[in-house]
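A, B, C and D are the chain letters, set down in written order, and residue numbers restart from 1 in every chain.
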């Protein structure tokens, strides 16, 4: 299983850091950003990822990742069509918009709403990876799974890797 | 009559056909008036909403082959009935003129 | 056997009674009236038997291997070519060559052409054995051969073409057994059984036509499933079934010419004069039928191309191969048949029959193996697959010979009928 | 579903008045396109632009379906490069009895990064395997999965012949319990309960999007519209083989990404319908036709003997 009950708890911790920052001062700038964020979304198969947030703020604009919630105009042409207001959102947490349960029947039922425009908004895992891997590919960052994620024993079992490698 | 047996057979056959038709009609009327019959038919799959052409074909082909099976039972009987030379040999072949002549005779009388 | 037949008057057995008036026992009939030692001697003397023995010695262990270790051990276990030689040759090839049963049954019993009577029983037997061994081939190929009756009793899928093949082959096999039984009844001397079958002969014949039409056609219709996988020249959603049926007509007739020729060459001691004397004339009769079927076949082959507008494919390599198949497999034997009939040359008809049977087999293998997956690659069967195919075919020939030696197929029973 | 039952009910209530209408509606339902298919059928759309070839889906499928241990670990990416030994025609990896899904890599000159393509059963709306199965071992469920029942399967492998996507595979290695091996959309363990299949859940890139098929088509069209340079204007599976529950988006022509672009757009059953309609005709017409031929051909003889041939006569 990829998404566990524990995942929720880890997430509260991880997002707490981000939320605290946003509560402290409405005007977000790079100095308010957390040093690092622990992301444990895939913690069953992989060890949690220590995301070097501060390091990444030196390489990218806030809006590159926090599209239209960080108080700067979004860079994405498609989003710009509607999201012209550069005001920051109440939250910059990915999880507040991107559901970790993207394919749950409850979530899928919300797609039936005919007024909903964002029918293909990725789930949380997709949002992370599409954002991170996409940029890493362009900028030459690491793109291998295990470059960021260290496998747990369960992960090795799942992938028949490490100790669970098939006999040659 | 000289071929009593044959005539009897014919009468029986006609009777049988009439009974079949009557029972069939009754059944037909009964089924199409009754709610339970519909439920029964849905239950056994006779009335089933078909969503795919594949299911539809499975269903209609099943019915077709069943009908063909019954046809194979009926056809030889029908063939033997028509082609019964014993019966035909005992009756003179009557031409149209002969039949008309008989009728004319009857009317004259 | 030829030798013994020339030595002893009462051999070959064609009557219930020995010259001294006592009845042959069943055991004696089985041993062809020879003593056990004599029978063994004639077995050993015949080089063909040694060849059969060698083939069995190689093939039978491989068949055992298939049933113990699975299909993957004797075939390439290909997921792209799920059907190999067993079906391409054994089922799709043997069945059209066995159409002789229904053809001659129709000719003699339904149209009352009694002049074909001397060859009718051979045609029926050829049909029965062909189907029986097609089922054997199928059993070797089926993943779960013990579930053969499932489509009849356990779970029915009436929309499938194979459902028709299963039902029709099964019922037709029963019909053919019934059609061949009279010769068996004559041989064992149970005349009541024979009369019973005779009384149903029209019923059986018509059933034979219906079932043959449908399952010969159904075998062709099976190849409309891989509509996009089979080469367009061989694939025709509308015509493929009638092409298969039509080629089965001349395939069956040609096979009958071959079998009767072989009987005349190698089993002359077993044939009676009526068979031997009328054979040339009957061969030409069969040749005439085959020639008509072949020109019809050519017609519908090109109609199918016209119907699907596939002319452009004829100019590709595949098209040349296709035309080669038609030329060698159909046009040449058709012309030979035609000249044979015109000139009363039975030998020429026999040559044509050999080519024509090859043509039908070639067509089936082209459809099932070579033209199949033409976009991908060509499957070359595993040598063990070829070995099993040859072994079963040898078993077919041995069974064929075993029956021809004994039952009144090539000769008329002299005793009470 | 409701609609049709109500139709019947009004027909029943209406008696003979309704008959004509129902017969007409049934008749029109025979045309191929008129079957509505299961309205809430689920599906998956695979975006080749997003796939990074991590093989997480293969690993997840292997564990979910209890398939045998792979030859190489699932995080070993050398499988993409080495054409398998013994593979037929060197066509790359394909599904077989040990794996229901595989990812293949395509190096194409027009794009700067390799393209990966996942393949598995596409769960057709009019499944060819089901059409061709003479023991009804396959079922198309309302949820959209094409599932298989090994208990009735005879092992004839016609489904493998019929499948335009080369998906069903046979357990050739087994003599006593062979069966067809094929992706079943995780029907038993997940789809039935409304959960996505294991591969979808495992995909980090959300290259696999699970949802109602109708919604997925909308998503696919939207992606193409919003990124016209990034996709070819075609959703593979929208119409192929009569439509499939699993569909694909690709930045290059589908043929270059290993798809069979010759797959007819009609469902496979359309190709056998002609023959299937001939069968009952032959069954009903032949008896009288040939009995008639017999009577015509043997008239003389019958007059001579006046005997009864018995049997049918």
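The rule we apply is simple: contacts are C-beta pairs under 8 Å (C-beta built on N, C-alpha and C of every residue); 3 or more make two chains touch, one makes a residue touch a chain.
Given the structure is predicted, the values throughout are model-derived calculations rather than measurements.
Colleague: How many links in the shortest chain of touching chains run from chain A to chain C?
Modeller: 2
Colleague: So which chain ends up in the middle if you average the CA atoms?
Modeller: D
Colleague: Counting only C-beta pairs in contact, which pair of chains has the most of them?
Modeller: Per-pair contact counts point to C-D as the maximum.
Colleague: Averaging over Cα atoms per chain, report the distance between chain A and chain B in Å.
Modeller: 75
Colleague: What's the distance between the Cα centroids of chain B and chain C, rounded to whole Å?
Modeller: From the centre of chain B to the centre of chain C is 40 Å.
Colleague: Using mean CA coordinates as chain centres, what's the gap between chain C and chain D in Å?
Modeller: Computed from C-alpha means, the inter-chain centre distance equals 35 Å.
Colleague: Rounded to a whole Å, what is the gap between the Cα centroids of chain B and chain D?
Modeller: From the centre of chain B to the centre of chain D is 42 Å.
Colleague: At which residue positions does chain C touch at least two other chains?
Modeller: Correct list: 156-157, 159, 203.
Colleague: Using the touch rule from the top of the page, what residues of chain A touch 2 or more other chains?
Modeller: none
Colleague: Taking each residue of chain D in turn, which ones touch at least two of the other chains?
Modeller: 131, 136, 269, 276, 279, 283, 287, 291, 311-313
Colleague: Go through the chains and record each pair that touches.
Modeller: All touching pairs, sorted by chain label, are A-D, B-C, B-D, C-D.
Colleague: Where on chain C is chain B touching in the complex?
Modeller: Against chain B, chain C makes touches at 156-159, 203.
Colleague: Name, in rising order, each residue of chain D that touches chain A in their complex.
Modeller: Interface residues on the chain D side: 50, 52, 54-56, 59-60, 62-63, 69-76, 113, 194-196, 200-206, 209-212, 215, 218-219, 222-223, 226.
Colleague: List the residues on chain B that touch chain D in their complex, please.
Modeller: 32-33, 38, 42, 47, 49-58, 61, 64-65, 67-68, 71-72, 75-76, 79-80, 83, 85-86, 89
Colleague: In the complex of these two chains, what residues of chain C are touching chain D?
Modeller: 66-72, 75-83, 106, 110-112, 142-145, 147-148, 150-151, 154-157, 159-166, 198-206, 209-210, 213-214, 217-218, 221-222, 224-229, 237-238, 241, 375-377, 379
Colleague: Which residues of chain A touch chain D in the complex?
Modeller: 2-3, 42, 78, 102-105, 108, 111-112, 119-120, 122-123, 125-126, 128-130, 133, 137, 143, 145-146, 151, 157-162, 164-166
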